[in-house]
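Right, one structure below, let's go through it.
Naming follows writing order (A, B, C and D), and every chain is counted from residue 1.
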């Protein structure tokens, strides 16, 4: 089985996600990048799960997917909140508090 | 508490007074407390307590002295079997009566308090008690109406308590106690009129200068204590503070030389400070700012001899430590000699009568020190004895003059002159004491001072014998000068009945002072008679002042006969009763509880014969045998020779006469205004008639003495004294203040404190530096987060693979 | 393929010990109840929800106590994935009581701010439930779920003041970073699962051994997992969200975050370290050592510069977190594991008491000062001596001055560290000692305002403190004093809290 | 070591009684100042009564044993107990703390510094009292630490709230310094515990009990002892304070209210030195031996340095504060010799310095109250305007410069003596040099104290103060109130508060045995490791 390839793919996805989180100024883009990371995690879990032939990975992945959905829900709600208060969702303008 | 009582062995032999000498200082101490607390309510404002206490302690001292004499006589008549032969002739050995109680103990060491009575102690006891009594009586009148009358008597009484307790101290700790209390009283009494900052400064200077010396006292005591303690505990069962213990240890030959030397030097520094020896003498003349009775008690006859007393008291320590035995110049002689000359020269250029006496005191103390240093123990102690009388008398006379004659001025040139007629008693007493001081036969000074000079030479310090003779000459000269200026010649200033206004200004408003900063209106405070006599000029002082003068003058006449060497050994009572014998004695087996008394065993074999005067035997020349100790080195005594005496007498006479001539000439010529023609003529005529070669004398005096001595040297010395030595003493203060300021500003505030505050600032600074990290930008937060994670992971991955 | 896997593992329903999970059940029921009540009571009666929440929490506390007294040996459910041991119980109790205090703090605040009370308390309860679950979770999955369970409501609470820019910002920052951190953590977990083939911590602990093949992947996995929780406990440099969030969020929420959610993070961290990867101490000890040192120092230094009290408290709680991390940094060395665990628990308890108390005072005082600036507390002692003294007590306790609770916590921490007794231990101990001094710099600064400065704009009318706040102050104040004077009590809790399976025990 | 357990409730009561007073005062409204004062005073008196009773019950023949020994379980899990006891070393300080508190209370009766609020002020003072007394009776390191720290906050507030212009800076500085010290001290304590636990023979229960540690502490390795001692050293040296750590003292003293300065000087400074003689040195003989020369060095530096600091001052109170640095230098010198004599000297010095410097601060306070300044340059002629106050100042100055016959001398002289022959193993040469420097210090002491006395008390009053009463009434000095309102001489409360100090200074000066015989046995026990 191509476990290693799957893992590599996962790693790549992870890196892209991280890059997105760090580089993107747009809140929605950041959310999506985080989704990427989570999916890379799922990929890992499934790959390992099938390699080890244990069911735990799959379960874990399911949980992750479910929780991720909830997270995104909350996230988008917040983005809306911001937009309503500031008419923008650019993260680098969120710096009222610093120091 | 009452542990460590001396063995009963001696208790029965000694009488009650000797047994209970320790009461003597307690009486004035109690009196002091009473005066402080109740003095002001008493009819005589507490002075009566002071006088009474002094009389009481005088009686006790005399009683003790009497019993001591009995004891010695018994011993010498073989009444007591304590006979030993040492240093030639048969001398009775009578151990000191030591009683010591544990005062406090710490770390296994006992510190005692009690009494150590022997000839020396008794001499000082009598002198101190006696002079104190007279001075206090004198002060009753002299300070009448002073605003701090009570304080004054309290301080005087406390001083006596301190001095007495120091005199009979059996150990160094008690000695230090008394020593410091005297210093305190000196401070309080010099600064008695502290409203005038000058007096306050003088007081401060006196205390501080002496305190510098006391450093040596602490160090020396400590060093000797630890060095000696084991030995004394083992051999005598007393602590290393114990005076007899220290003496025996020093003589035992087992003492480490280096410690002995350092200890002796340290102690001697204290003596220099206390006894106003060169170069720490400058405080003494300033101390004259105090009331005259104070000067006459503390600063001439008693307190200032404390240093001399300490040397005499621990003589073996100095003997061994500073090698007094050998004839190479030793420290003490040197200091003493220098002091004699310096001070005597300075006395020439004073116009303040008390300053003259002050310098004279310094130089006389120099004699005592020189004597001790040269091994002339007895003459030195005897000089303490005689000097006390005539010097006290001189001061009191000076006080009497200012009190009733010169309207509270002490300036001989401005306010005195020709007082002899107005104040006969004062003048007579003054002149007697002057002659005594000058050392005219057969007055007291002769027997003591001449002996010192003689023995100094005899012990191989020829050079210093000459110094002594020179000193005698100078003494005679400057005292004559003072006498002339005060009592003869034309009356000047206040003596002539003139009134200085400041004298009066002081009557109104208590605080102001006449600018001499002297007793002036001390007496002024409430005592109105001054205005009266101020009005009708100088007059003889009242009884309370003259009686002490007369008594003292009488003693100045006669005291010398107590040890009139010229008339043969039978006259040497003072020697017999005071000088300890250099005997080897066997201390009785010691009780752990306390000091054992030294019981003498007859030991004729080791007592080596020696020619009178050549005694190179006795202990200090050979170490004592096992189990034997020795409390005093064998000192040798010069045989009295009239030839030598005649020489010194001649020198003194020369001093008197030439100085007299000089005064007449000098002051007549310089200030015609002052000296009436008639008198000048009479004197000149007298000189013309009696001295064929008067011009020669006159010329000699003018050219040699005056030009050579009086002006350049004396003034030079004075300049040196004021600007260099005194400058150093005062400068030390300034310098330390400056350094202090610098250290405080730069080290303390900048470095030490700065470091602390700096670290605080640094913390805040770093805090500030870190704040940008908290930029508020989510992405940067994220970046930081992941970076940290990545780096951490990377490092650890590398480490773990 | 899934079928084949299912075929391998025949399904049987797990036997459930309902007594063991009674607290969670009560909480869940409570959540539902409050939602319903919220639907039916009128606006004027919304305060009921607050009191209800309080009751629910106390109700949930009952089974915890019964469990504590019931039988000593631990109860384990779902073959060891959910364990109720004394450690779990102690912390459950802590969470519940802390939650109760937070409710007391929130009551007036939320009411007067006229926020959505029902929802607020619902979310609060939910988050607490997550924490309570966290205390028992012994499996990567359940830990993850519990973590999200307690985090997501917290995100929303942080942003609770909808119209307030700061509050939004707080929420968003917290959310994004939180999610990012948990994503990273998840990646680590997935790797951990991959290398050990199990999500059960005890199993992982058996797999990861020093002698066994131990490679970079293990290290990477462990570090990422630790990062996740380091974020939750706001350890430097994963702390960046904390100050902004604390400042922006409503003060009661801040109190909640700084105490409860931090505690939850530590719970998870301890569980994973002790049960999951105790053998990999060469990885996590140095990592935590650095984190602890940084956290203490940076937290303190930055706190020195704050003028806003809440922000100052944020940094202070960061540095306090550093002190809690300190013993963990050497937990693997020598026989320091026991004392370290004890120290962490003790510190969490004490810290909860004093920090909540501090926030309570701030909230109470801010009712008059109407400002979060430290300078606005000037002269508090003169016009509200009660509050002044209480604030002094809490501050002194935070600074670790005997005989207040804080010192015994610090003492336990130092003791645990020195128990390890190697160079690392002494190093971190000295750093800690120095930091405890720096800390007084800013605590003392507040004290100075309270005692020595005059009241700004002569504001000197007495403060009216509502009952709920008084209650909160009483509880926390009493706890702080008691823990300080009779530390034996709290230390016994720390003692009880032995962790099943820790270091293979 | 053996202990006497009878009446073991005494110390607990004596220590915690003040807190009861605080509780009572909590329930009295702030406005009712009189009852606050009376409650506080009564509490202090009651405490003192207990103290006196303790004194009477103390068995002086067994001063080397811990008496009234009580040992209750406190923090079992860290094996720290509530262990208290009193022996010859702690008894005088324990009593002194009570007496000082009472007298300060009396003084406070009409001297509550601004901004008033006796309730807070006096409660703090009572808490302080508990802390001080507790430190002296604690026989368990942790307990000691707790009490040691308890005194911090009250003093912090006393300085910070009731102090002078610079009060906030001073108070914070005081606190940070002490806290820094005690943090390291705590680390040292715990390290000591574990090290000793490792070295204990079987059957000995490891604990923080000081007697136990003193018995087995010697078992530790040399390097361990040195390091642990270093930790404790910093902790105690800051409190003493010794030379490099002293800079908090002048600020704290100068800014503190009179009462604060008095307590600070009389008791708080002693906590540090007491820590040395009670804990650091007996438990860690090896470490002590290693550090002794350095302690001695710092002490003599402190002596000279403090004296120089004094000479540089223009402010009376600050001068007195610096003199504390010098005097504590003598105390530490005595300690550093590690000989019984040195220890006795140090303990005596602690008490003496407490009495004398405390008294000096009282005087400074009263001067400030009358002249509204402490500028030495502006004062002068005090003896004319306030003769009694002036003479008391003179008396204390004399006592402070170590005049024999007054208490100060017995702290300095034996310390100097002891420095001549330190404990075996210490270099004699080094300590003899110290001895000389210390003796030099006594001269400096005379210099700055007399200078102070001369400048302030002698001479004519400065015009700005002598307005209208050029000569108040000193002609017969029996009553010295000038015409000026502020310039009234010593008043009743001051007399009541001061007389005991003055009497004690004289009594201990004349008969030091009173103290030494209490110290001596305990000290020789503490020093048995040095063949003491």
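Just a few scattered comments:
As a convention for this text, a contact is a pair of C-beta atoms (placed from the backbone, for glycine too) under 8 Å apart; a residue touches a chain by one contact, two chains touch by 3 or more.
Since this is a predicted model, take the numbers as computed values, not measurements.
More inter-chain C-beta contacts link the pair B-D than the other of B-D and A-B. Centre to centre, using the average C-alpha position, subunit B and subunit D are separated by 39 Å.
A straight line joining the Cα centres of subunit A and subunit D is 65 Å long. Averaged C-alpha coordinates put the centre of subunit A at 99 Å from the centre of subunit B.
With centres taken as mean Cα positions, subunit C sits 25 Å from subunit A. In subunit D, the residues that reach two or more other chains under the touch definition are 176. Within subunit B, residues 760, 771, 774, 776, 778, 782, 786 each touch two or more of the remaining chains. Multi-chain contact residues of subunit A (touching two or more other chains) are listed as 21, 30, 91, 94-99.
A list of each chain pair in contact follows: A-B, A-C, B-C, B-D, C-D. On the subunit D side of its complex with subunit B, the touching residues are 173, 176-177, 244, 246-248, 305, 307-313, 339-345, 381, 383-384, 398, 403-405, 409-410, 413-414, 416-421, 435-436, 439-440, 442-444, 446-447, 450-451, 454, 457-460, 470-471, 474-478, 511-513, 516-517, 519-520, 523-524, 532. Taken together, the subunit A residues at the contact with subunit B in this complex read 18, 21-25, 30, 91-92, 94-99. Interface residues of subunit D facing subunit C in the complex, by the touch rule stated above, are 30, 73-78, 120, 142, 145-147, 149-150, 152-153, 156-157, 160-161, 167-168, 171-172, 175-176, 179-180, 183-184, 186-187, 190-191, 194.
If you check the complex, the residues on subunit C that touch subunit D are 342, 381, 385, 392, 396, 399, 401-403, 407-408, 411-412, 414-415, 418-419, 421, 426, 429-430, 433-434, 436-437, 440-441, 444-445, 447-448, 451-452, 486-488, 491-492, 494-495. Touching subunit A in their complex are the following residues of subunit B: 771, 774-779, 782-783, 786.
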